[in-house]
Amino acid sequence: MSRPDNAAFYRRMLRIRRFEETVLDLFPRGLFYGTTHTYIGQEANAVGVLAWLREGDIVVSNHRCHGHFLAYGGSMRSLAAELMGRSTGVCGGRGGSQHIQWRDFYANGILGGTVPMAAGMASTEKLKEGDKMVFSFMGDGTLGEGVVYETLNIAALGAFPILFIVENNRYAQSTPTRLNLAGEIPDRFKAFGIPVESIDSTDVVEIHEAIEPMLKYVREKNGPAAFVVHTYRFAPHSKGDDSRDPEEIARYRTKDPLPIQAERLEEANQREIQESVEMEVADAFEQAESDPAAEPASLTSPLGKSQ
Amino acid sequence: MTTILESLNRGLRTCLEESDRVYVIGEDVLDPYGGAFKVTRGLSTDYPEHVITTPVSEAGIVGVGVGMALRGLFPVIEIMFGDFISLTVDQLINHAAKFRWMSNDQVRVPLVVRTPMGGRRGYGPTHSQSLEKHLLGAPGLRVVAATALGDAGELLRKAVLEDEDPVLFLEHKVLYAKPIIAHDELSDFEVDVSDDPYPTYRLRIAGAPTPVITLTAYGYSAELAREAVKRLAYEHEIFSDLIVPTHLSPFELSDLFSAVRQTKRLLTVEEGTMTLGWGAEVIARALEELGAGLHAQRVAAGDMPIPAAGLLETAVLPQVEDIIEAAVALSEAN
Amino acid sequence: MTTILESLNRGLRTCLEESDRVYVIGEDVLDPYGGAFKVTRGLSTDYPEHVITTPVSEAGIVGVGVGMALRGLFPVIEIMFGDFISLTVDQLINHAAKFRWMSNDQVRVPLVVRTPMGGRRGYGPTHSQSLEKHLLGAPGLRVVAATALGDAGELLRKAVLEDEDPVLFLEHKVLYAKPIIAHDELSDFEVDVSDDPYPTYRLRIAGAPTPVITLTAYGYSAELAREAVKRLAYEHEIFSDLIVPTHLSPFELSDLFSAVRQTKRLLTVEEGTMTLGWGAEVIARALEELGAGLHAQRVAAGDMPIPAAGLLETAVLPQVEDIIEAAVALSEAN
Amino acid sequence: MSRPDNAAFYRRMLRIRRFEETVLDLFPRGLFYGTTHTYIGQEANAVGVLAWLREGDIVVSNHRCHGHFLAYGGSMRSLAAELMGRSTGVCGGRGGSQHIQWRDFYANGILGGTVPMAAGMASTEKLKEGDKMVFSFMGDGTLGEGVVYETLNIAALGAFPILFIVENNRYAQSTPTRLNLAGEIPDRFKAFGIPVESIDSTDVVEIHEAIEPMLKYVREKNGPAAFVVHTYRFAPHSKGDDSRDPEEIARYRTKDPLPIQAERLEEANQREIQESVEMEVADAFEQAESDPAAEPASLTSPLGKSQ
């Protein structure tokens, strides 16, 4: 697969950033339901990793799924519509921010619970003997969940084609990794004989390159591998619940993935991308807002008839 | 004579024969062991690629099954003892049962989780329970129970090959060794079978007067209830009908309601502990549906863990005598 | 005016003050965050050694709590959302609830697991459920629900300091921000409070004629039911009493039975999905206890997951109007 | 603590061996309920490890608990009575073979489920600031359970005084480790920064010595450590369910811990111990058999009254 150019990387990250910022801006207007976990600051991960996606590859995401979804190729409008409870939403308004399913993309709000599912999907690809693989995202905090280790064992034993991507943004909700995580993240994978690569970076190009060996390993050896990105989120865990030291946030803000990537582009090119993304975002939210609300009458029983 | 065990084994074999999307997955399912209760015996020899042994990871393997099912396979997961279903509740309730609906009906989860429930074998508090009550009524999860009155293997085949939704498939340890009962062998009984995919059986003593009380039970408890129906007739001259569903959840009780509309007396029998067991929902629905005038009682395990010692276990679990006693009392209630 | 949230926070504080055996444990419970719903706010500042933040490991932390309780401490575990209780079912059913009995009464497990259940906040299918129905009736596990009608913090204090058995303590997200209702502020109502440690409340419109229908509800649903009772009286001239238990399981319903014996019409209201919800057991017991002549209905969530979109969520969850409608219908049933 | 002498080691192991053999012998008589998991072949583990036990230390066991219980100091007669459902049984007949509680000894039949409980107990000892510790036994197969990893993380973060003992008898029920376990067992602990020592031995003295550093670590550093013993069970998983290669069993039988230890004793001493154990076992089962059956009337509700 040919590597995306710098402009594409920038555009993809900016789409996520501006989508998320708009969500946070609009929240007070009461347009959305519940809460949301934004991806602001982590864009380089989804974009750098998923640039390797091939047609038919599977992405399994989590509560912080907007970035993954947009990097996967999901539509801004249907994501906005989902958050607004419109019938045009990705899941017709049933799922909301954390529960997204579209094509080969799946997310659920139970931390760790999707990881065995991702492995099951990978096993299916292995059984089909195709060349598809699964990208399974999780946060550092999710390494607290036991089912993750059950899955690592099963995936390693079965040599399933799955890449576990740990986005270590150094916090689980309010809790710093230090209080959540004993030992070192890569060792959690090595314990199951799963090869792992780590990077501390917010540079999308670096991330994209660093993951390549693990990706090759998964596709060629048809076995699991892991990739750990040490990163940071700039916005609160969900909204308004930030108890981190503002200075710490400011320090990490200097490593904002967007300016890092922007610098690789001509100013004119940057501006062009910014304007087009601005338009795309505005359109997406505008359209979503004018879409019809999901209708209670559309609610079906959760089970089909037994045949 | 085919035992339930053989029938289930055959059912799985049929699934593997009929579709290469079927995978039989579980702890210790490979030959020569063939599973703790031998339901999978022989399968890995004949379908080595389709029978997969797993680590001791109940939540993990159900989750893997969810993933396989979402991608078009028909995984059949064995949980070695029903007592361990407790470890899979999150995967069942928050994953398997929700994905279809939550995705706005875009995906399907044709997963089957099979497990042996039940006591009466002295296995003690963590290997004897009937924990299905904790999962009945979970929206999006179907629960089906094998019975000696029908071909358990065929029931399982339907769950695996013809149901596009997740099914918790209940077996009972004591049923395994029992023969499937050909209905013409049930010479004491007239038997009606509904034509649902997961049928409901209606039994009545052949040639008996109109029933005055309706019993309902599933799984192995239906065998106890059947014995009770006979003895009620022959020893107490109390005539009853017995409704045995195989499709437990979502609840669909029209066959039962037809019977109870006649008798107005309903006795539920189950092996799980009583409180918020299957019978609670049956009675609540019957009352909502039929209105005032209904008499009802439940026979179930005492609300406590299941002791290992035989005498104690017998005392805690419902026995034929308990059913007869409750039925006699109910038939006299006014 | 004290909110339920403040009351619970104060309750925990009292526990920490009164006994150094109390440990408050959970994800993100430390200050300044103070827990996802802020129930533990301030506690880690004042009792730094007794408030312990944990990894995201629901089963693990409940298991740790079981161990602490078995060794004489009073652990209070917070599960951040009730939806995640699914991950702790094995620890609750096969460990916490069994040890005392299984050891022949040699040990005690004075564990409290607190968790916010409930929807109406648009959190979607995995953050809005009322999953307690899956645990009610588990032998050896007590389930208690906070209500606006009493001091929730005091209820919690009793569970922590005075109950030697494991308690699943239910809070409702919507209740947190509501004030505790002083009974003399309930000027429309006469209120009776049972003198059980986990009391049952009985409400009647002050000075109204004999009630013709009995409502029962717990937690936040009791607030909806209370509103319904008022509107039934003032808008429909249907007089009812409302029974609000805080002790859900094991079921002990004598106060309710006294009321229903008069009215013979019973309406249960709960926010969980209907099938095998709390109301099923209430109705089954009422019928077993009172015999034929009882009319009953349930109001509960539709048997499906809880959608994120506001309109959809409102449609799925029970509303005051649903209660009124059901009560009117029930009052006319014959 | 002074090290037990060779005779004591031998006697303790022989008590377990002869108890278990008697159980298997008597099973066909219908004296017992359910099934049983015997410890035959693994005696050196319980005895070598628990020789380090101090008054008030806690032992958390599993489905294969008879050996641990007897090495802990539990009474043969009350264990036999428990298996026979007598009112004099360790748990009055309620628990049976897998569910044993006596003093500071706890077992439950749910694999892995007792491991967080053990950690909670260790945390209690830490909070008390005493010098007690927890011995938590598990099998190789139990490393499949996610809650074990949740616990390792929690125990390491809290520096709880707990020693995890993995008895790798190379099988989980019928399944060889190779099909159950990806990677190496010690790495499962290292992944959480927990120090671990391994030994492949059935020599009780070797085991007893090998564990010493980990034990010291736990008592002194007040933090978790792990000890892996590669061992073998000679009898079936429960009873009658053995699908292992008889030649493999025979090979391991040559490393029977009992003759290894017997060799360290004078023949007369051996014989004396054998005779006294024989008598003890015979008495235990005889007494148990003549004890009264547990009475249904003794069954209580599982909850006390709420006060």
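Here are some notes:
Note that the chains take the letters A, B, C and D in the order they are written out, and that residue 1 is the start of every chain.
FYI, contacts are C-beta pairs under 8 Å (C-beta built on N, C-alpha and C of every residue); 3 or more make two chains touch, one makes a residue touch a chain.
Small disclaimer: the values here were computed from a predicted structure and weren't measured.
Shared contact partners of subunit A and subunit B, listed by label: C, D. Measuring from the averaged C-alpha position of subunit A to that of subunit D gives a distance of 45 Å. One finds 41 Å separating the Cα centroids of subunit C and subunit D. Subunit C has its Cα centroid 36 Å from the Cα centroid of subunit A. Residue positions of subunit D touching 2 or more other chains: 94-95, 99, 108, 110, 143-147, 150, 153, 157, 179-181, 300-302. Among the residues of subunit B, those in touch with two or more other chains are 54-55, 57, 59-60, 83-84, 87, 90, 94, 97-98, 101-102, 125-126, 139-140, 250, 303-305.
Contact topology of the protein chains: fully connected, every pair of chains touching. For subunit B in complex with subunit A, the residues that touch the partner chain are 23, 52, 54-55, 57, 59-73, 75, 90-91, 94-95, 97-107, 139-140, 142, 158, 162-165, 196-198, 247, 250.
Residues of subunit C touching subunit B in their complex: 83-84, 86-87, 89-90, 93-94, 97-98, 101-102, 125-126, 131, 133-140, 249-251, 264, 273-281, 283-284, 287-288, 291-298, 303-305, 333-334.
Within the complex formed with subunit C, the subunit D residues making contact are 58, 91-92, 94-95, 99, 101-102, 106, 108, 110, 113-125, 127, 146-147, 150-151, 153-154, 157-158, 300-304, 306-307. The part of subunit D that touches subunit B in the complex is made up of residues 32-35, 82, 84-86, 89, 93-99, 108-112, 141-146, 172-175, 179-181, 241, 243, 293-296, 298-302.
Against subunit D, the residues of subunit A that register as touching in their complex are 143-150, 152-153, 156-157, 179-184, 187-188, 190-194.
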